[in-house]
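Same chain, two partners: chain A is paired with chain B first, then with chain C.
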Partner chain A sequence: MSETKSRKSKSSKSQSASYSFDIFKHELVPKHEIVPIDEAVEILKRLGVKPEDLPWIRASDPAVRAIGGKPGDIIRVIRKSPTAGEVVVYRYVIPG
Partner chain B sequence: MSDYMIEKIKFGILSPDEIRKMSVVQIISKDLFDDDGVPLKNSIMDPRLGVIEPGQRCEICGNTMRECPGHFGRLELARPVIHVGFVRHIHEILRATCRNCGRFKVPSSYIERYGDPEKAVEEIYRIYTKMKKRWPLLAKRLANTLKKEAMKVSQCPFCGAKQYKIRLEKPTSFFEESEEGNLKLTPIDIRQRLERVPDKDLEIMGYDPKEARPEWMIITVLPIPPLTIRPSIILETGARAEDDLTHKLADIVRANEKLKEALETGAPNIIVEDAWELLQYHITTYFDSETPGVPVAKQRYGRPLKGLVQRLKGKEGRFRGNLSGKRVDFSSRTVISPDPYLSINEVGVPVDVAKILTVPERVTPWNVERLREYVINGPFKWPGANYVITPDGRRLDLRFVKDRKALAQELGPGWIVERHLDNGDIVLFNRQPSLHRMSIMGHIVRVLPGRAFRLHLAVCPPYNADFDGDEMNLHVPQNEEARTEARVLMLVQKQILSPRYGGPIIGGIQDYISGAYVLSSKTTLLTKEEVIDLLSAAGYIGPIPEPAVLSPKRYWTGKQIISMFLPEDFNYRGAAKVSSGKLACNDYECFWDSYIVVKKGKLLLGVLDKKAIGSQEPESLYHFLVREYGDEVGREFIDKVFRIFIKVLEKRGFTMTLEDISLPNEAKAEIKRLLNESFEKVHELINRYRSGELEPEPGRTLEETLEIKIMEDVLRNAREMSGEIAVKYMDLFNNVFIMARTGARGSTLNITQMAATLGQQSIRGARISRGFRDRYTAHFKPGDLGAKARGFVENSFVEGLTPTEMFFHAAGGREGLVDTAVRTSQSGYMQRRLINALQDLYVEYDLSVRSIEGSMVQIIYGEDGIDPMKGIHEKSVDIDRLIERVAGHRL
Partner chain C sequence: MKTSYELDKEKILEIIGKKASFLPKKIVEELISKIIAKRLSLEEAEKVIELAAQQYISSLIEPGEAIGTVTAQSIGEPGTQMTLRTFHYAGVRELNVTLGLPRFIELVDAKKTPSTPIMYIYLKDEYKNDREKALEVARKIELTTVDNVTLEVSTDPYTNSIMIRLDPEFLEDKGVSVEQVANVLKKYGDVRISDEDPYMVIISTNESDVFRLEKLKNKILKTRIKGIKGIKRAIVRRTGDEYVIVTDGSNLRSVLKLREIDPYRTYTNNIKEIEEVLGIEAARAALIREMANVLKEQGLDVDIRHLILVADMMTYTGTVRQIGRHGVTGEKESVLARAAFEITARHLLDAAARGEEDLLRGVAENVIVGQHMWIGTGRVKLFMKLSRKNEGVSNVSS
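Let's turn to the complex of A and B:
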């Protein structure tokens, strides 16, 4: 399956040149970051879920592409919330 | 007997072999009955297909009618026929495989990667099976893209045969478009092609060849369902009416017979094809009688027949009608009616209903005497009982028990009495549409004379009920667990705060608000007799406080009375609803008494109105009372103080007269003057438009600019200003005006329309312009753009409308009616889809929101973990309120 995946991501990457601006500068785009693997394992254990049980995000998502996320990665999104100040959520990157 | 768990369900297609194996009868005869009306063997009414008469034993399984599940038969078709349910799949497989060798047409990119097509299939198969185990959803996507890509390949990578386009002509005909022209593919041709596709190739297209070989999508043997699923009905006349399916099956057998005959006699091709076509039609409509592109199969009298699909589909189908929604026992439905003397927790149940609904009660030494009394009373006298269940499980119907006294004496532990519904029982009360959880609440029964369910007026908002003929349903929980759940979770008082916006959904409405205002007004001074009257309405027993006024006479204020029912440490400040316009106040030094101050449980200043006690008013006095002191205090406040409010109105009298909405002559003149000025302005605008002086606004045409200027600048203004004039002349304590100011009912707009002018009528936000050519009715000159010709109603409801005005008003009113009709149906469907998507989500103990499979939807509920019912409207912590609670004032 890794072969088909790499083929797909390759084709999608080639047709999409990276943006000439920083999308994270926009106030509506929350902060995204790739979670290091050891930390990711710990987070999954704390939440009691398998990686694919997290909400998904596509590898072709502009924010994921900007930080270089690959299928299988776990992404941390830090959003601002009027009620809770800051909200930390996690996404699992899927091909596509 | 051991228990089994269903782990999973797998759907597949029946193969001809399986159909033959499970069949007990081969259908040969096209007639159903012999001359005596006895069902024929080997017909679709063969008794071996299932027992239909009670007492008879099944020839196949030996069971009686109750136990025998029925058995399948089969019909061997003279020629194969396409199954409508699978045409899409047939079409796709035909296009994705080679017309010659039947192999999967591997797209060239894969061949490049893996060398030759054989290897490519092998490799894709390996990847696919692995993926299916770990990521079934992803595998499905891969299979679909593969299939889509293969359909575009025009030359077979295996045998090199040229591929042609295959066109599907709905519903069931396939054509191949080659150079020589279009060729119709018969089901026989198609089946041959499908047979050629190897298992592995099928699997990478997403099919499971073990359970669903594609050639099984072409029917060669038709399973004949048991009689049990298509029972005949005996009419009162004694005649027998067969089920729709039986009729359809008879058609199929007949069509098959005809086709067979044509084939055997060697009839010309056209005749064979016609017969084949007919068989295809009957089998298609047997599965789905509403197949697009085919005439609907009709019963003799023009009623459309129901196919198999129609039995399952839609609101009344098997799934939505019978499996997700069932009819229940221990329920009741009647008209509802208000009763201000009930608690909000109660529901008034008619005696006639209480005598039919029952609650099973186990006999114990502590309740035998009471239950004996019930049994003696029997089923026709309330409170009685309808059934008694003996310790050995027999059910005695008290209607037919001769000596109930003797039976009552026999009662003892181990017996169960199904007694009548009694005061204090808990029931569930519901009004459709059940749009939120407050649509079903737990109520305590109060058995009352009459024929309607009665409920407290303050619970109208959660049910969205009124009394113009509304009916409601009542359900009686039958076991302790259900009763406890109803009492602890569903009781009305637990639902005072709505989880939708965190405010009270149960609170003051209409007269409660008017009454609260009148009582809490500064002008209200009460004598001792009046105070006693009011307090007794609340059921108050205890001392009367010191009067606020001692001389010249002892008088109590309304605020004093209300304060008696507030918790002693309750603090609150806030503007009242009446605080608007010239009565506006924003701090406690308020001349108009429109700023509420409650300190240490004493209502010191301000009047109570919708902003303080109203339903659906978050951050109000009543909201804080319920949130900080609990639902019990909240319920008590409604049950006691609200009753005082009503009593106040009863004593004072609260009504509406023509005078309340009539204006003095000088006010009328003033309004007239204002309107005439406006008409003048409109005229001026029209003149400027005609002479071309009017400048169009950016992005608008000249006509649009004119309309907007007329609508917004002139006519809307005219209504607002005339409303202000009307209000200016109105007495502050005019009952209609009180209702509008306090938010009890109506608005200043309503008063304006009654007293001053109806104003501009509109359709879709524009002046009314359609009707005759260039004018609305024949009463106006063509092309008249003036205010009156385009729907401005000068008169008020009190003055009366002219005939033309009446038509404008009707046109505008119609739009509102149509809008609500359209909106409810649209939002209802949206609600259904939303609920279907969200119903299985739940909040886990770690506060995360998860789906039923365990996948996470939100890491923490609402991304802040706050229960909207307990939190503060759109805030997580309300510091201001916390300070106010303690200090008695805001910062």
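Let's turn to the complex of A and C:
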């Protein structure tokens, strides 16, 4: 009797765990997107930097995982800024 | 006299795109709204945009400006006026929040857990005006252990049992029944409720050793009846036009899984948790928000750009690093800069043993060797083009 009860509570727990949560809808998380390779080359040329000179972001970062980024990718982050309205920055995905 | 106006949003955007495409979004929006509000003519609008662009360019930071130093001073000076007192009340009497200098230090040190972790849990639209529902959720997430509802505990080494007398008042307060308590204790042995006292729970174990029985007793007291680990207290507070649950203690990952809450506005002051659950960009945003909040609370006016720089420095490696020995300063590339900061002899010795090289690119190392720093006018070098020597012209190059 108690066994079924505890199992019931467990299943309801796992159900709420699978409840979908889109982290990009959270007010703290800005938009992330993977930059296509040809565009990335152009951006790096324009900025005059090597990929690893960009700020980094780990491959295990929840936002990177959500968009399926892999180490070596360049991620475009579109932040809301209190001073400029909207700012586009790039991050380089590192392993880890 | 309302003639049709020749400029609209598209048209202005087009002019800006042609003349000043580098302007940030906020200025562009302001220009558009002001131009339309004042009903400027095409020429006037063009002139205004040109002037705005000029102003914008002239207020950009010069290349080579030592912004880090400016930031350090801009935060440091007001910092001297911050209160050293740790606690401030945040609306609710029983809830303390660390503010002022101690909180600022905590943020900059990237501590794993703040000394007063707090969450702000917003409810879904359908519940946000429902006080009863808010209280129900608050009760649900508040961590309740056996200890919280216990009046007294005793062990009986002869029958290998542990007797727990529960407190009816606490039970009522936490919304827990005796049966619920008995239920969670089932894993420790046979549980029965005493015949003489309805609030007495007796657990018979097969632990014959007195010390281990004592140990088990402590374990039982820490057993969770309900709630989320880490949430010590949850209080319902009315903020604006809705009920918000403010908690003492923080556990972002678990709270986000609740169905009744609005996960997209739920907030914690634990930066490390935000980094783990929402990523480095969210941690950066939260850092700025927390730092700005501390300064605002103290009535200090520091430009947010300084705080943004600090947050950027702390997060650019993909993890939140502290400003200090184990972070930004400690991981500097230059040996001399590290040696100038702390434990000089050790840094020099280690560097010598490893054969490290110092490229003398930073400020501290150039001060040490007595060279110009690579900052401001120090970035510019003069040299002469020999071929033009006769014309007496020297070229400036950066």
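Here, the second predicted complex is superposed on the first by the 77 of 96 C-alpha atoms of A that agree within 3 Å, B and C clash if a C-alpha of one lies under 4 Å from a C-alpha of the other, contacts with A are read in each partner's own complex, and residues count from 1 in each chain.
By our rule, a residue touches a chain if its C-beta (ideal position, glycine included) is under 8 Å from a C-beta of that chain, and two chains touch if they have at least 3 such contacts.
What you are looking at is a predicted structure, and each value in this text was computed from that prediction instead of being measured.
Look at A:52: by the touch rule set out above, it reaches chain B but stays clear of chain C. Comparing chain B with chain C, the partner in contact with more residues of chain A is C. Residue contacts after overlaying the shared chain place A:84 against chain B and chain C alike. Of the two partner chains placed by the overlay, only chain C lies in contact with A:62; chain B stays clear of it.
Shared contact residues of chain A, touching chain B in one structure and chain C in the other: 55, 79, 81-84, 87, 94. Taken together, the chain A residues at the contact with chain B in this complex read 1, 3-4, 7, 47-49, 52-55, 79, 81-84, 87-90, 94-95. The touching residues of chain C, when paired with chain A in their complex, are 24-29, 183, 186, 256-259, 263-265, 267, 274, 276-282, 285-286, 289, 304-305, 308, 312, 315-319.
Looking at the complex, you find that chain B touches chain A at residues 113, 127, 130-131, 135, 138, 142, 846, 848, 853-860, 862-866, 874-876.
Chain A meets chain C in the complex at residues 2, 5-6, 16-17, 19, 21, 23, 25-30, 32, 55-58, 61-64, 77, 79, 81-87, 91, 94, 96.
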